[in-house]
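A single structure is presented below for examination.
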C-alpha cells in the first residue's frame, strides 16, 4: 500500500538519523544546557535575523499549547480559525495548559482568517466584558486546508492583532512548506511553533520565541509540562541537522513539488477542493486500490486528504495520478 | 573531565540507535497505532506476567504526573517521601496535571517510606476531612537516595495503601536498577513509570498500566498533554530494543556493579552517606580535579552524588576511586 | 429612573428578609450540617417528586460551573446554545472548574437548541476523536432569549443526550419563570442550577442533584470552590422561605404577567424581537427618557432587553408602555 | 447545649441584619457597580490609611485562594505555617485557584512562623530550582492557634518576604480579633483576606488589595470564580455596617474579653495549651455536659477548642468556667 495519509506516517531523513548517532558520544550536561542546544538557538537566530530563544519539544500539541499558555491569561480569549489544529485535534490541550482559556472560532474560506472577521470577533468579545479577555491570535501556516498565507496576509492579520493589543502565535507544524512557498515574514509573530517532525525529524519540534519577554515563564512551563528532555542533546541534534545545509527547505520543496505534480497531472479529472499551496491535496474521490488517503469529512462528503512528504517519490505520485484518473473514468 | 553527575548526561546504547534507524523504513500508522508499539505492549505483558497497557512518553516527569493524575481526583492527597522526585524536581507537575492535588510529604530514613508512618499520615488526612481526600501513594524504586526497597518492603507499603482504599504508583525512573537488585514484585502496583532514558535510551520512558480500568482516561490525558508522538514508532522502537535480549537488565547490572566497585574500593576512606543498593553513591567529599559530581546539599553539607551508567567503564571507576582516596589523604 | 435592566438590580422579597432575621437566633452547626439546610433538601425532594441532594451556592456562575464540572471530564465536550450564559457571561468559569473542558456552541432560533442540530454536533465531535469527548448538554430554561422550552422540547433534547450517553445540566437561573409557563418536567435532567436570586432572594441559588451518583464529588468541589458557607443557615433560610407558600411561583407568575402586559399593550407599535414566554421583552427601541434598559447588541442593532421582576408594579409597566409608544410615534 | 465550637456557629449582629433590610429598597446596578460597594471601598481606604481596592466574597476559602492566586504563578511556592487554614481546611483551594502552586509548610511554635525558618525555607526552594518558584508568604493573624503576631513580628516576616522578592498575603479570618489585640500594621502586606463572617456578618468577607497592581487580574478571577454576586449590595451592605461605628472592633473586643475571662477564671485548674491572645482557648479537657467544643487532635490528645463570639454572654462563660473546674476536680 502506498501511504498518503499524512506526513507523520513517514520515517526520518538519513541526515537526522546520522546526527542522533553522532550526538550519542560522550557526556553532556542535561536538560538543555548542552552545546548542541546552544547551537540550535544560534542557528534559529540566524535564520530569523534576530535574537531568539528556543525550547525544543516533542510534539506540535506541546509546542502550540505551551506557546499559547505563555501569552494568554487563564481568562483569555484565543482567536483562531474554526478548523485550527488547536481546536480540532488536541483534545483541549490549549484549554488545559492555559488554565481554561477560551478558543474563539472564526470561519474563513480555504482555511484562512480574514482581517475583517478577526477585527469583528475581537471587538465582540471585548465589548461582552464577560466572555473572555482578548489575549492572542493563533494562525496556522501552511494552513490546515493546505493553503499558504502570503506575507501580506499574515502582516494584515498581525496588524489587527497588534492594533488590539493582542499577541500572535504561529502554528508552523508545516512552516517549512509555507516558507518555501514564499511566506517568510515573521515580523508580527511573538512565538512560532516551528514544526520539524512532519518534514524529516523523528519527533523534534521547537518553540521559537521572538518576544523574549515571554521566555522565562515559558521555560518554567516547559519543564513542568514534562517536555524538557533530560538528554536534550538527542532532540537538539535532530533540529541542528534539520536546519543545516537547508535540509528543512530541501525536504519541504520536494514535498510541495510532489503536491503540485499530482495537481498538474490530474488537472480537472478529479475534483480538487482546496488550492494546493503546500504539500497537501484535498480531493473529492476515495483512494484507489493500493493507496491510503486520510478521511476528511469536515471538508464535505467524499473528501480525502493526500499528503506528500520529504521522501515521496515521483514514481509514487505518478502511479497515484494514473490510478486516480483511471478510477475516475470508471466511475464516469 | 569524567562525568559522574547523572545517568542522564550519558548517550544511548548502540542497540537503541540501531533500532531507531531500522524503524525509519517505510510508512507506519501514526499516534501509537503501529505494530512496534503493539509489540512493546506484548513484551511488557510478558515481562510482568499479566496483560498490561502501555503509553510511551518522553520524560519521567510526564510519566509520573500523568500516571498519578489518572488515579487521583483533583482534591486528592498523594502520599510520598519528602525527597520524592515528584516533590523536589518537577516544578509542580503533579499538582498541574491533577488539577491541584496535594502531595503529603512523609519523612523516612535512607529515602524509604515506613509502613507505620504511611498509615499514620493517611489516617490524619482522612480524619481532617478538609485537607484532601486520600487517593494514592507514590513510591520510588530505586529511591532518590540510591537505595532499593525489597519486595517485602514494597508489599508492606502496598498493603497499607490497599487497606485504606488507595492506589499505588511506582516511580521507576531507575526501575531496572532496582529490579536487578532483587525488587521484582509489582503485584500491588496500579501504574508504573517504567524509566528507560537513564539506562540507555534517548528519551523513551513508558507508562505501564496494571490496573487497566485506568487506561482509557490515561489515554486521553496522554494525548492532550502533548506526549503522544505522531511518529510513535521512533519511541516504541527504542523501548522494544531496550526490552529485547535483556538489554535493560544488562545495562542496569553493569551500572550497579560499577557503584559497588567504587564503594568496595574506597571502603572507609571516604564517607558514604547512604547505602549503595543501585547505581548511585552519595559521598561526603567534593569531586577531585578532573571529575564531575552532582551537588546534593539536601543530604547534608559537602555531600555529592556519583552516578554510574550503562557505559561507565571500570577504568573510569578505578581512576575515580584512586583520586578520591588520594584527595582524602591530602585532606587528612 | 425606572430600572428594567435586569432582575438582579432589584432587592429581595420581604419574606426572604424575615427568614434571614429569624435564622439568626441561636447557634447552629456550620458548613451546611444544620437543620434548615436539611429542610431545604426535603422541600426540594417534595417539589421534584424524588429524593434529591442540594448544594446551596451564592451565584449562578458557581451553580453552573460546579454542576457541569461534576459531570464532565477535563477533556470533555459540553454542548450548549451559542448564546448560553455559560459561554457569554461567566469569563470561562466552566473551562476553569472543569479543568479545561470545551464548550461546543450550537446555533438555534429564539435561544433554543434543536434536537437535530444537537445530534449532528455530538456526532461530529465523537467522530473527530481528537477534539473532545462528548460529556454533557447544558440547556437553559427560561432561555437567554426569554423564551421557554416546552416539556416536549426538553424531553426531545434529553433523549438525544441520553441516546448518546451524555448527561444533562439545566441552567435554571430563571427556572421559576419557565416552570410557571408550563415547563415542569425535569425527568431527563441530572443536575439543575435552581436560580433564586433573580426571583427574590439576596444571593441564594441551589444546585439540585437528581443523579445522586454525582453528589459526593460535587460536595468536595463545592467546598474547595469556596462556595460552602460556614454560616450556611443564612443561605438555606432564604431558600426555605423561597420554596414555602409558593413564594417562588408567585414571584415568577407576577414577573411573567408583567412581561405579557407590556407585550400586549405595545402590540405592534414597537418591534418585539423574541417571543415573550417568561419575564423578558426584547425590543428594537432605545429606552425612553426616565427608563433604564439593558443593551443587547448580540440580538441586532438597537435591540434592548426589558426585564420584569417579582416586584415590578403594573403602574411602572403601563408608564413604560405609554412612553415606548409615544417615543415610537415621535420617531415615525 | 451551649455552643463553643466555633465563631461560625453563631448568628449575625442586629446591625448587620438591619443593614440588609435597608439595602433591599429600590433598584441598584448589579455586580458590584453600586454605591454601597463604592462606600465600602472608601471606608476600607480610611481604615487602612491608603487607597485600596475591595472585592467582597462569600467565604474565607474564596478570599484566601483568590488572593494568593493573584500573586502566585502556577509554578509558584506559597510559604505558610504547617497548620495554616489554607493547608488544612480548604481541600486544596489554593492549589486549584492557582493552577497547581505548591504550599511549602513550615513548623513554628504557637502557630507562628519564625523569620529565620522562613528565610531558610525560601532559600532551600530557590536553590532547588526545580521544586517551585518562591512567590509569596501567607500569614494568618490571629493565627490558627489563637495567638496574635505582634506588629514587630509581622514586620520582621514581611521584611524576609520583601528581601527575597516575595509578596505577602494575610489571612485575616480573625483580623478584627488580632487588630484589637494590637496588631494593626499592614504596611508589608499586599492583600488581606479581611474576615467578617466569624465576627458578625452572615457571609461577607472582603479581599482588601493594598498592592493595587494586582487588582485587575483579581477582578477577573473573582468573576469567573462565581464569587461576584449579582446583587452585590447585599454583601456590601453587611460590610458597610460591619465597618461603621466600630462594630467590627466592638464585636472583636467582646469576644477576646470573653476568652481572657475564661482563661483568668480557670487559671491553672485546666491545662490551656496555647497562649490566649484572641478569642480562642485551647484546653486539654473534654467538654463538660451541656457544652459543645471543637475537637482539635492536631494539638495533641484530648485537646479541644473553645471559641468566643461577638454575642457570647459573660454568664455562659462563667457557667462554662465553673463546669470545667468542677469536671476537672472530679477527674482528679
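Going in written order, the chains are labelled A, B, C and D, and every chain counts its residues from 1.
FYI, contacts are C-beta pairs under 8 Å (C-beta built on N, C-alpha and C of every residue); 3 or more make two chains touch, one makes a residue touch a chain.
Bear in mind the structure is a predicted one, so any value in this text is a computation, not a measurement.
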Counting a repeat as over half of the contact pairs in common, which of B-C, B-D or A-D repeats A-C? B-D
Per Cα centroids, the chain farthest from chain B: C
Averaging C-alpha coordinates per chain, one finds the centres of chain A and chain D separated by a number of Å equal to 50
Here the gap between chain C and chain D, centre to centre from mean Cα coordinates and rounded to Å, is 34
Among the residues of chain B, pick out those that touch two or more other chains and give their numbers. 74-75, 90-92, 96, 99, 130, 133, 220, 223-224
How about chain A: which of its residues touch chain D in the complex? 73-75, 99, 130, 133, 217, 220-221, 223-224
Touching chain A in the complex, chain B uses residues 3, 5-6, 8-12, 17, 20-21, 23-31, 57-63, 65-66, 90-93, 96, 197-198, 202-203, 220, 223-231, 234-235, 292
Quick one: which bits of chain D touch chain B in the complex? Just the residue numbers, please. 74-75, 87-92, 95-96, 98-103, 105, 124, 127-128, 130-133, 297-298
